[in-house]
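Presented sequentially are two complexes of subunit A, the first with subunit B as partner and the second with subunit C.
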Partner chain A sequence: MRLDIAKKALALGLGLALLAGCGGGAEQSADGPVELSFWAWAPDIDKVVDKWNAAHPETKVVFSKQAQGDDLVTKLLTSAKGGNPPDLAQVEFQALPTLVSNDVLADISEGAASAKDKFAPGIWDQVTLGGSGVYAVPQDSGPMMFYYRADLFEQYGLKVPTTWDEYAQTARDLRAKAPDKFLGTFSSNDPGWFAGLAQQAGASWWGVDGDTWKVSVDDAATKKVAQYWSGLVAEGAVDKSPMYTPEWNKALNDGTQIGWLSAVWAPGVLKGNAESTQGKWAMAPMPQWDAAKPRTGNWGGSTTAVTAGSKKQKAATEFALWLNTDPAAVEALVKECGIYPAATSAQEALSQPPAFFPNQPDFYTLAAKIAATSSGFTWGPNVNVTYTAYKNAMAEAISAGGDLVPTLAKMQGATVDDMKANGFTVGG
Partner chain B sequence: MRTRLGGFPTFVLLLGAAYCLFPVAWVLIAATKSTGELFSTTTLSVGSSLVANLGELDSYRDGVFWRWMANSALYAGVGALLSAALSGVTGYALAKYSFRGRALIFNALIAGVLVPAVVLAIPQYLLMSKIGLTDTYLSVLVPSVVSPYGIYLARIYAAASVPEDVIEAARTDGAGEARILGSIALPMMVPGLVTVFLFQFVSIWNNFMLPYIMLGDDGKFPVTLGLYTMLKQGNTTPALYTLVVTGSLVSVLPLIALFLTLQRYWRIDLLSGAVKA
Partner chain C sequence: MTGRGGAAPKLAPYAFVAPAVVLFLLVFALPIAYTVYLSLFRTEVKGLGLGKGSRSEVFVGLDNYARALTDPELGAGALRVLGYGAILVPTMLGLALVFALLLDEERVRARGFSRIAIFLPYAVPGVIASLLWGFLYLPGTSPFNQALRELSLPGVDLLSPTGIYFALANIAVWGGVGYNMVVLYTALRSIPRDLYEAARIDGCTPWQVAMRIKIPLLAPALVLTSLFSVIATLQVFAEPTTLAPLTNSLSLTWTPLMKVYQDAFGRGDLYSAAATSVLIAVVMFVISFGLLRVTRSRAFGGER
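Then we have the complex of A and B:
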């Protein structure tokens, strides 16, 4: 049976009309204010954006909350490929090279280079990628610190470890005194955490010389860290379950985990996951490899970047600068979003300890001192690949008995292979 | 003998039911716990802050959760309705008209059933961005309307439930093809179309990848995506576990309600099948 052509056309037209009826994006009028779209995940950052909008009626920032993580990097890559990325995005330090090498981010050195002095050199280097361009404005940083349950340390007669040898001994002592408790855990699920520990030991995973990359995820410093944790995991001195799981949250709550090697933002996490332990924690510098030369690594930390696809890069750069260097804006970031600001002056201005640490009034004074010992680090263009290799291989190594060192060769192999496959020149 | 044998299958089914329902019970119980209770009390002990959790969810970022729910309802409701309509008409045409290329179209559809929708999300995004539709309601709705599985189901259903004789009789009485479709075939296909509608509704409601790639503006997010932004706030901030758990509970309620209201159409379906067999 043949269908009438006219009827077919009618059906098609009806369908299209129906669909068109649901559409209708708001077209921006030509002489209205400039609108900037901004993707970020920091909680309550919209309140800081509101402050900008109130003071700058000519440039309206439209905030859109996104989920943090590797998926957001994928989403930015896809949207840039499709030709309609947001004007601004919150980007973690380790994702910057990935996005820059895919031409997602704009070089904003013209407007932002002058902000250099407002940040510690180690932080600023991470947004320039060691070159003359500027690809983002640092927002927050995550110098690593050691957190411990002061009340339980006292109860078991433990001393706060200042070196890694002491940390291992403390972990063993605790196991002897309270067999159901742990000083910490080795998490196969948190490559960022491990990268921070490696940074502290002086690791350098990526380096770039002209167009040639040098990759050394399995360098001596990283091997030293892996060796150290292999020993602790094998003898059962520390726990080996991953962090950020409900089980781990429970362990923080009930005091099964009495310590956490974390970063400056830990109070917020502890408050959310183990509210009942308020005031029982204390913070100290990381255990050291060389007590005479204290160092720390960074875990987490992010920036505000302007996309190459944005047609309003100048206005977007102004906003990125304002958000991360204007005293009032940074103060709001600290207060509303609970971040640890990357801007040095703002770090010094923090006088009140986090609400979760009323027992440690000099929290931020100490934190600023620790932050000053951060080691610099160059990230590569495929950190996500290295991190995925870490998660897979570490989980395997742990269930196989705990020798973590061979994992590094796997991470190195995966990283180099992926870079070569993507056309990077990797030197020996 | 027969009744004794009956005990074992029942036991297996009960086991299966418990396996399926336990996670639901977990969500129900977990939604009553405060953040502190969630990680410190035993799994099955009921907490005391369901109302507080709902209140907090309601006030989270000025009630954006309800906006996400409304968005989900729009995507799933309109999408599934259009999809059922399209599937019904297409399935009927494929089942009852013989025209050149019919087998080809049908085979292409079968192939389409086998391709997971997730794989298509990025190509669809790039296509949508060519015509400037990304980050609009349409960008999620349009791909959801076409469901190879729905068309396949409708074709099978039309072939089985609309007898050739009835169509011929209508033609003899002088009814046009459109009239036959609208007044005779489609009403006979209702149970099948309800099935397509429910399948599509659930799959759009639960869809994650497509809206994740298409949408940038969190005001257009469906509830799946919204909950994800609450869960993934980065290492530096704790996930809003209680709100996510409570939100998940609230977000499955419409699905449960839909199944309860539409299941009587399925009963008709089963009966009609039984009579024919």
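Then we have the complex of A and C:
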């Protein structure tokens, strides 16, 4: 009811201002220093921005700290409607189509297309949305990996699983040897995690065919993943409580959860949630569907995008490119913000392991190898709808006993219905 | 006054009323009107929706209302809220009444302390209360379950699909009893003491005084607190939203208001969210009005 009266009133006022001030999206003539506004949430990214400002007196970037993820998407949509967006913003991969579809982001292919070679193809595809436009420059990626408690694996005589069959067997063996412990959990609360698992299996949830969207959230690969986890959940081989709860934190801390299928940024989370376990974890590639063709999916990751409302798109594109491909800038991003860079050369340049993994000196060498096996993925214009459907339907399915496959049809239905209701052309 | 011109007496009332009217129009009537306006539109996308200007706002009349009314999730959410309210309202008001009557007894000691202790949870914001209770509910972190384990009894999972109703109602009871108790207690204190004296002389026990004098005279206050409780129940949002990430038993559209929030900010569809909120507002109005009407003879019996 009274959710955002102020916002609406503001939008109304700004909307009128937009009508008055509209017309002519020409580049601002460059006399005097250009000022660019930049919204982002990565911790300490302002220190990297300072580096740019020190080296480029003619283009000043003004940084503004934002809340992470979905909140920023809402804020960007509102500010764009109001005709007052920032010039640059940090945007997660899966939010790109939503923002492009709402006309919030600029096509910067003119200035940025040449950066294509600096990124793995799977990463680059996500900023082009499978077309000829370029809507952002990749910043960090989240290739998925398997984390496990090396000490407890040794204690229970477990081997690191390299295939999903082995993972299932290891999960069962652990339950037999230590009935109060789990190799992992199937979380109804983390659609991004499930999307990563589906990507690894070769799923393709959205696609563009000419002027038509193709949606297949319930494709064969995703069904295979859901089927697999249904079995593990139903027989109790893995836990079924959500991740990122106080209970889960405690389980990571006290060794109730001895493994975590996560992404390259996991060391930061483990440090925050399970500090007492420093040096006890190790990282390995994801269990594979086909050991001969190793693949992984992405969980998380973000980009730097230029807004369509910006009058200084050229300068903004230059900054976005510098931030994510200049060796010094990317090194600063890694050091100050703790991100895993999307640029391939920067991934290879990482030498020190994360502080939480002193026992695995080749952490980043292995991570770069894994990142190179990332699957490509096209996100749709209503990922948020699919994600909400995942949370609601998976939670229900898990409570009801664990057949997760019917959930996919619900996700597919919700996604397609929403797209059709909005007027998108959706093909079969 | 006579020397100050004839216009003043005519203008003065308007001047006094103006701030209230302006505020009412600006922060109440205008947003409501805008919500109703929004609810008659929706965005329409052409083709892929990726090009410039591929989104436009189109007028759809009552389409959004039709869709909201036929949405099974909204109806299911309303039913869940009814179940939750059926547990919450009687428990909360019952406890509030008992505490108020106890505190009103002459022989009670530490009255001030008890009153504060019962009232204090009301000062804790709903989100924080839910986080605190969430810790206590999660089987892995719950001290109750730890205690039960020590006694080799089976643990209880209050976050199971049925348990969740009680878990949520418990948070609201914990937070709401104090407030309602204070309202009832204040009403009790305003009952003339000589009525009790007369009753005692007639040989009434404290129990009879409570049942035959205090509770009937409390009726207006009870109606008021019930009305507020029912409205608060229908608006439940913060508690289930905060607990949802902790459990498989709560969906993000568990209550109608959660659905409005999801529509507006999860799906980015302000239009259907506006339609649903208008519907919720109408239903709330009808329920509140109906409740008042049914109980009017009791509540305002003396004033008709």
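Basically, the second predicted complex is superposed on the first by the 396 of 428 C-alpha atoms of A that agree within 3 Å, B and C clash if a C-alpha of one lies under 4 Å from a C-alpha of the other, contacts with A are read in each partner's own complex, and residues count from 1 in each chain.
In this section, a residue touches a chain if its C-beta (ideal position, glycine included) is under 8 Å from a C-beta of that chain, and two chains touch if they have at least 3 such contacts.
This is a predicted model, so every value here is computed, not measured.
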(Q) In the superposed model built on subunit A, check whether subunit B and subunit C fit or clash. (A) clash
Q.
Per the contact definition in the header, classify A:Asn422: touching subunit B only (first), subunit C only (second), both, or neither.
A. second
Q) Regarding the shared-chain residue A:Gln169, is it in contact with subunit B (first), subunit C (second), both, or neither? A) neither
Q: State whether A:Tyr244 touches subunit B only (first), subunit C only (second), both chains, or neither.
A: both
Q.
Per the contact definition in the header, classify A:Ala274: touching subunit B only (first), subunit C only (second), both, or neither.
A. first
Q | First (subunit B), second (subunit C), both or neither touched by A:Thr378 | A | neither
(Q) A:Thr344 in the overlay: touching subunit B, subunit C, both, or neither? Say first, second, both or neither. (A) neither
Q.
According to the stated criteria, A:Lys75 is in contact with first (subunit B), second (subunit C), both, or neither; which is it?
A. first
Q | Region of subunit C that runs into subunit B when the structures are aligned on their shared chain, from 77-85, 95-103 or 221-229 | A | 95-103
Q) Once the complexes are superposed, what residues of subunit A are shared between the subunit B interface and the subunit C interface? A) 1-4, 244, 246, 250
Q) Touching subunit A in the complex: which residues of subunit C? A) 27, 30-31, 34-35, 38, 42-50, 52-55, 134-135, 138-141, 160-161, 244-253, 257, 260-262, 264-268, 270, 273, 277, 280-281
Q.
Taking the touch rule as given, give the residues of subunit A at its contact with subunit B in the complex, in rising order.
A. 1-4, 7, 11, 15, 18-19, 22-23, 25, 37, 39, 41-43, 46, 62, 64-69, 71, 75, 78-79, 81-84, 86, 140, 142, 190, 192, 244, 246, 249-250, 252-254, 263, 265, 268-269, 271-276, 299-300, 302, 338-339
Q. In their complex, what parts of subunit B are in touch with subunit A?
A. 35-36, 38-40, 61, 78, 82, 86, 89, 93, 96-99, 122, 125-126, 128-129, 133-138, 141-142, 145, 177-178, 212-213, 216-219, 225, 228-229, 231-241
**Q.** Of all residues in subunit A, those that touch subunit C in their complex
**A.** 1-5, 8-9, 12, 70, 74, 77, 97-98, 100-103, 129, 131, 133, 188-189, 208, 211-213, 240-242, 244-248, 250-251, 256, 308, 381-382, 384-385, 388, 391-392, 394-396, 398-399, 418, 421-425
